[in-house]
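Both complexes shown next keep chain A, but they swap its partner, so chain B is in the first and chain C is in the second.
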Partner chain A sequence: MAPLDDIRFSLDAVAELSAILELDGFDHVDSDLVDAMLGEAARICTEVIGPLNAVGDKSGSVLVDGQVRTPEGWSQAYEIFSAGGWGSLPIDMSFGGGGLPWLVANCVTEMVSGANMAFVACSILSQGSVDMLIAHGSETLQQTYLPKLVDGTWTGTMNLTEPDAGSDVGALRCRAERAADGTYRIFGTKIFITYGDHDLADNIVHLVLARTSDAPVGTKGISCFIVPKVLVNDDGTLGEENDVTCLSLEHKMGIHASPTAVMSFGDEDGAVGYLIGEENHGMRYMFTMMNVARLQVGLQAVGVAERAYRQAAQYAFDRRQGRAVGAAAGPSLIAEHADVARMLIDMRAHIEAMRGIAMLNAAAIDRESHASEPDEREAAAGRAALLTPINKGWCTDRSVAVTSTAIQVHGGLGFIEETGVAQHYRDTRITPIYEGTNGIQAIDLVTRKLPMGSGRVIGEFFDEIEQHVALLFGADIEVGPLGDNMTSALSSARMVTRWLTDTFGTDPNEVLAGATPFLDLMGLLSGGYVHVRRALAAPSGDAELVAARLATARFYGEQILPRVFSLVPMVMAGSETLFAIDEAAWSR
Partner chain B sequence: MNVVVCVKQIPDPADPGELDPESKTLKRDVKLILDESDSYGVEMALQLVDSAGGGDVTLVSMAPNNEVSGLRTALAMGAAGAVLVSDEALAGSDSLSTAKVLAKAIGRTEADLIITATESSDGYTGTVPAQIAELLGLPSVTFAKEINISGSTVAVKRQTETGYLEVECPMPCVVSVTAGVVEPRYPSFKGIMAAKSKPVDEVTCADLGIETDAVGWSGARQEIIGIDRAEEREAGEIIEDEGEAHERIISFLEELKVL
Partner chain C sequence: MAPLDDIRFSLDAVAELSAILELDGFDHVDSDLVDAMLGEAARICTEVIGPLNAVGDKSGSVLVDGQVRTPEGWSQAYEIFSAGGWGSLPIDMSFGGGGLPWLVANCVTEMVSGANMAFVACSILSQGSVDMLIAHGSETLQQTYLPKLVDGTWTGTMNLTEPDAGSDVGALRCRAERAADGTYRIFGTKIFITYGDHDLADNIVHLVLARTSDAPVGTKGISCFIVPKVLVNDDGTLGEENDVTCLSLEHKMGIHASPTAVMSFGDEDGAVGYLIGEENHGMRYMFTMMNVARLQVGLQAVGVAERAYRQAAQYAFDRRQGRAVGAAAGPSLIAEHADVARMLIDMRAHIEAMRGIAMLNAAAIDRESHASEPDEREAAAGRAALLTPINKGWCTDRSVAVTSTAIQVHGGLGFIEETGVAQHYRDTRITPIYEGTNGIQAIDLVTRKLPMGSGRVIGEFFDEIEQHVALLFGADIEVGPLGDNMTSALSSARMVTRWLTDTFGTDPNEVLAGATPFLDLMGLLSGGYVHVRRALAAPSGDAELVAARLATARFYGEQILPRVFSLVPMVMAGSETLFAIDEAAWSR
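And then the complex of A and B:
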């Protein structure tokens, strides 16, 4: 069951859907369409994609004679998914997509992620390739590749990582040689290529980062190429196989059905590649897609956390053990025991906060590209850039924690694979790692995002939070200490932000040492802001849900938000202790 | 070829709401959805029109409060438009009244073929399809598991308890289809978007020339005298296996005469 009630509520309460739908370019979308679309997407998740989740985990994708085979049922599900246009919802209508705001399209990404995280990765990668081509591809490349990528006949991949170039992309060595006909020949090996090979589509369009022989060192010498698995003839039909090989698949902790390939380009004469944009601009092009790609990983984390939570809640209201305090006779439902009740509300309050942060991030991206006034677009771009590492870093870390708690609710059975809840934990564990590790997100936040607009961008976010907290004090809403603790947390956040900004110039390592606790702090604060907005909007509607929303907001204020106060000294502790152990002593 | 499909919008069986003790009928003031048993007829109709090389699929429905959400689902699947009969006077209609209303509504279209489900998933009377045919003076073929059109003749494989019958009849006619007839498609996003602007002709009893006292509670010829909860199923027998459980299973199956 997809969380339609909360998605719908969050869209209005947190992300102001109606305001997003009034932006230029969304005339064809209204609230009824959003309802109908989410309902049908939820049905496909429940009936088609969700049931394949455990199947895919067990059998995984396998490499047979150089060709990757996805698990049984995957092709049919992909066919239904792509024929329905579900993979291209946010793509502009002029390119054949659904033309939906990211805010709305992402609700489907969240649901599909919850149904089957290994499945959703394929369409996320294709969307990324489409975005790249629309933003930077020549008209010829667009005409050749876009229609089939958009309708799902072909899929896309991102080839960045190499054995010695992970977080440091600038160290990559994949080589591009200019050919006489204006194309390039690509040579090199790429690793960790999601859906690098599979049997779902007729062709796979690889976006490959490589450097020409005379390119500058580091990230300034990286170019971006399209390297199709099968070459495309001038009339659009498929021609010869390109010099591209899937060497092996990784054996992973989770998302077993999502094939993670080692790809080899140019084992023979070189793989034919087509330059996107200009040489040496590849890294800049990649950055234009980074916000959306990182947002999508945050959404995966929300979706999987939600599914794990639902499974745990169902179990807790089914399993009976012991006699709960106040119960006439045992055995009581385990949900009636205080510690299990605490775990359930902790998961729920976190997921609501995560979903809200992802929606605030998506709404900012929509305003950045669709607001009518330039200053509004600029402010939104700043907000999107600020929220991206917070969403990616915090939501994925919390997803690991929530799925772990879901196992804990099941007790010993949670540790047994057949119960099915362990898969969510194994699956979501990749989200803090890929698309920029959370360490990279924290560094991005303190070194690139805090200084934006000389502190104006983060300052405006703090101001906005403050205004909503003030509204909460003015309203007759019972959410315990949420308002008071938000006021204190906000003042702590402003204080450590000033400290980080002041210290960065003089001692950057002090700042980097505190980056991760600061990201955690900002995630907690942003989650509190989400709950403030939810509480402000809660008093109308279904009485049962209103009470539940106020309860999670109150719990967040009482038991989650106060962690901000313990993070403050951690942010400002400095780096000296981190390096205090002598290298020789680490192994002793 | 133009096909009319009669569809019912019903409370979601996953969240069925409750019975009204007064009227002894299902409360239908919640959001209604397309009866799943009708999605097979819609799919069949779309495929028949497609293979005929042209024509439209039109939906006909009767629902309270001008409810269209279930219709939108069928429109998103590909139906071209709908006739919706909504009138307070229709509350309490029995199956014959329903058939009269649907027959009149079908009269507003030009149908070569009328498809229905065998029965609705909330009422289960199973009598409406034949009643519509009788009222329209058309042939009726029920329980179709396969439909083929050839010229102006429809050839149907009719599911029976022991197998199937092959029957033919001239069009126009009324054919009720079983759940196995085809696999209904999932609406695509573009289908959902297009459904928003497809025409739904909303009509009342007066528009159809139906006297309001001939339908609804006043016109009903059947009366619901009582409603009771279904008896709970008895707990099964648990056999401890001491090496002979398989013999107990065999004798149990023999008692049931399945072996």
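And then the complex of A and C:
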């Protein structure tokens, strides 16, 4: 079921796995280990986690007497997953993790997402909590919480959103009062808390953003606290229940089994919280984890899209209907009809591009923390920061489109829930929303990422693309207009980037008006870059796959990439038209 | 709730309502009547039908002891709807209908679809049965069935699809045996039968496609039968149950209240069926109704998109978050942020284009049957045939996109079912599938519609667009690059049309490979034409709405229409790349 062939190819062709494995700290990892691990992960996805996907959709997680119950089979699957160390692959070995590059660990995240998107969210959030504690937690907090979060005995959550603080995190009002013993008492309500309560683990470690009474307004007054569901005694055993309540679960369009909780802290005397790092630095701490968290949402989107594609391809080579052009007699496989073949290759070419972008992003994150030279680390940090909104925004939007196409391939059956493909469409629709809506990603891209290094960061990315396109022209590889269209697309991208940069100082709203089309344009260009690298590496090995890789690269260059040119006027159109409709007229 | 302002404006500006009302047979209709009727329809939608939308989604229609139960309140709403004659507005007055032009009746269909898409399907199917009986039924069949179908005492269904005959209707195997008394006995199973059973009416009149034992293979051997759920005595009273069973209902992603049945005919001695017209002509009869049926699916898509848009606009002018550029202090309405304003105007500009295309299509259908001159009728028939796949395919695809954008405006709340906007997204996803998938529409467009009149039909449409673009250049109307981009888009459309026409004879698969992008291109162009007509008619009346109309026309021309240019290479790319992947490689 899992796309092992393409993951392995992408790791080498797009993300230069061998170079990542040569970075400091990865001596224990080699190519054979990666192969073995991916194979085993695929097996668990197929045998254990994947089969629970439909079950989870149907029964969902439910709140019973203040305690969330996950669907049948969920606990056992979580035990197998944790016992295998699958949740802690990217955690440093000194803390009990697998010590793998994000690049490699993320392949597992993609596969598990494809198997069961609602399931994977739990371990993604635990990884986030672990990262936060390692980066900013005191030694005491680390000793108390890290071992059990790493081995999966406990899980972690992120508590940011409040009813009036969604995209604007700085507006949050959750209160933290200093207690005499150096701890804090937390009061407030948080919404949209993924796995805010569940029955998979003995304890739940909530990371909660709150502000002290004397904190500055906005994001500069946010502090970050550890608030365990059950208090931990000095000897590490579990003590009393903390003042933390799961008030309700949301009834969502998709990922039914992933409990999305309304959490209340401090209904009685206040929930006991432990400060991470210093007061008022919480937002900065969150930002250090944001690249990985957003990358992982992109991976969920890739995984679900891949599964939907595979289901559609299987159906298209099973279902017969009508007589295809050139067929001696009908009924033909629907895959033999040009319009269905178009849908299949469109999905496949997009997914390969998405996977490649996610890998470029992950490799940059690995270089950021493991490269030996400071300037290499700095360059990688810039690249990771640049690719994060592109990956999150573009891959999630494309996942919605790919899963929709997978429904369409199924015809009427696609609309029937038992077919299973509708679930992918419903599940993945959250990915453009959570972990920062795609609008927020686009704004982040144009306002924070373009100016990095006075334009050097994006300029170096463009240069790298240009160099690879030049290699493609130098090589004897048949991929139609991919090279020519990449040259034009790159030129367009440079042009609109200059315009955005020049305009931002004088009229920021013009730039904000073009943010979403610019993100789309950068995603298309980055996907084209992925296909250039794939094409450069394609002409060796399995002939069947070589032909397929060249076909998707050609299709991407010929039929997907030209959308860049229709985005250029959108990026530069300005904001005047957007605001030309009077408030009263919008609802008439 | 209903978009009365824009419907009224579109009727005049785009569809020339006054000219349609001057056609033969519409003496009893005038502009005031239209206004009064639309207002009353809007009231019923708001007060009666709309409130049942969420109820219907939640409880759905269910099968209990072989009988389908619709949700609570459904029956009462259906009674009010029927008693008001809302289901038979376009039926000729001589048969008891309202005798309205489709153009006008369809405005009600759009509104009811927006209020409750699952509800409207029942009356759409009844209208189809009535049309079929009027056009092809014997006088006896007409006398027996028409009065009660028209007044809504009974309802109608269409039984085409079978498990192995979906897009390929000609593959159907349902059997019809001649009986000694001139009737037939029908045997077979039909799937995806909308309102195949329900509790809204005393009887259900099934139109069933089947073949006699000596019929030719394929579509040329299909006959069409009336098969009532309950047999009708000679005196018109209801007699015995017919041998018709509702086996099960599908569990669907959306339109839960619209029962989608598996129907079994002839489990015992055979279901009694009455031949419509002649044997083996069933497919031709179905084709005569196809334009209207497909148009109505497009209308469902427009109605749901409009409702989703309104909900999003309301939220965007209610929800505050962050501080918009230029605002003195936050939090600002999210509508004041450029990225949200972009989403709103994008939805609005698309919906106006969709509504206009549907109206152009309806007006052509009215001229086809009511124009006084034969050549006018013939030209209108061609135009209706051309616009039908464009309307059905493009409007339904855009409806999926618009409802998705409406979710995005809501952020996390959009994914929560109680918000209601997710239902629109789930409901409308069926529209690109049923009544001929959009792939089938695209194939119909390039293989049947382009060749009509040796290219004259589409050529005349292009000429008409060109004339209106010329008027726009001659007028002093500020709509940015709409005129220039329409000129280029028209030139592109003519070019690819020539290429498709020239290529079809020698290599049909090249044309089929470009069918879907060509339909998209024609939809974009047609939508641009709608906005040209809107802009030409805009500069008078309510200043607030004038500004809004010019803004959406400009936005469409500037930011939506340029996608045409990225579609041109897709249309002409050919089929080679699509088929370059080996069967075994698709699932690797």
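Everything below uses one rule, namely that the second predicted complex is superposed on the first by the 588 of 588 C-alpha atoms of A that agree within 3 Å, B and C clash if a C-alpha of one lies under 4 Å from a C-alpha of the other, contacts with A are read in each partner's own complex, and residues count from 1 in each chain.
Assume a residue touches a chain if its C-beta (ideal position, glycine included) is under 8 Å from a C-beta of that chain, and two chains touch if they have at least 3 such contacts.
Bear in mind that the values here come from a model prediction, so they are computed numbers and not experimental data.
Trainee: Where does A:563 make contact in the superposed view: on chain B (first), on chain C (second), on both, or on neither?
Mentor: A:563 sits against chain C, while chain B stays out of touch.
Trainee: Is A:469 in contact with chain B, with chain C, with both, or with neither (first, second, both, neither)?
Mentor: Neither: A:469 stays clear of chain B and chain C.
Trainee: Just to be sure I read the superposition right, which of the two partners does A:28 touch: chain B = first, chain C = second, or both, or neither?
Mentor: A:28: touches chain B, not chain C.
Trainee: For A:345, decide between first (touching chain B), second (touching chain C), both and neither.
Mentor: So A:345 only meets chain C here.
Trainee: First (chain B), second (chain C), both or neither: which does A:80 touch?
Mentor: first
Trainee: A:40 contacts which: chain B (first), chain C (second), both, neither?
Mentor: A:40 sits against chain B, while chain C stays out of touch.
Trainee: If you stack the two complexes on chain A, which partner ends up touching A:579: first (chain B), second (chain C), both, or neither?
Mentor: In the superposition, A:579 contacts chain C only.
Trainee: Let me test your reading of the model: by the given contact rule, A:208 touches which partner, first (chain B), second (chain C), both or neither?
Mentor: In the superposition, A:208 contacts neither chain B nor chain C.
Trainee: Looking at the complex, which residues from chain C come into contact with chain A?
Mentor: Residues of chain C touching chain A: 3, 5-6, 161, 164, 166-168, 171, 191-192, 250-254, 310, 313-314, 316-317, 320-322, 325-326, 330-331, 335, 337-345, 348, 400, 404, 407-408, 411-412, 414-418, 422, 425-426, 429-430, 432-434, 437-439, 442-443, 480-481, 508-509, 512-513, 515-517, 544-545, 547-548, 550-552, 554-555, 558-559, 562-566, 569-570, 573, 575, 577-588.
Trainee: Report the residues of chain B in contact with chain A in the complex, numbered from low to high.
Mentor: Residues of chain B touching chain A: 69, 72-73, 76, 186-190, 192-193, 195-196.
Trainee: Using the touch definition up top, name the residues of chain A that touch chain B in the complex.
Mentor: Listed in rising order, the residues are 28, 30, 32-33, 36-37, 40, 43-44, 48, 80, 83-86, 89, 98.
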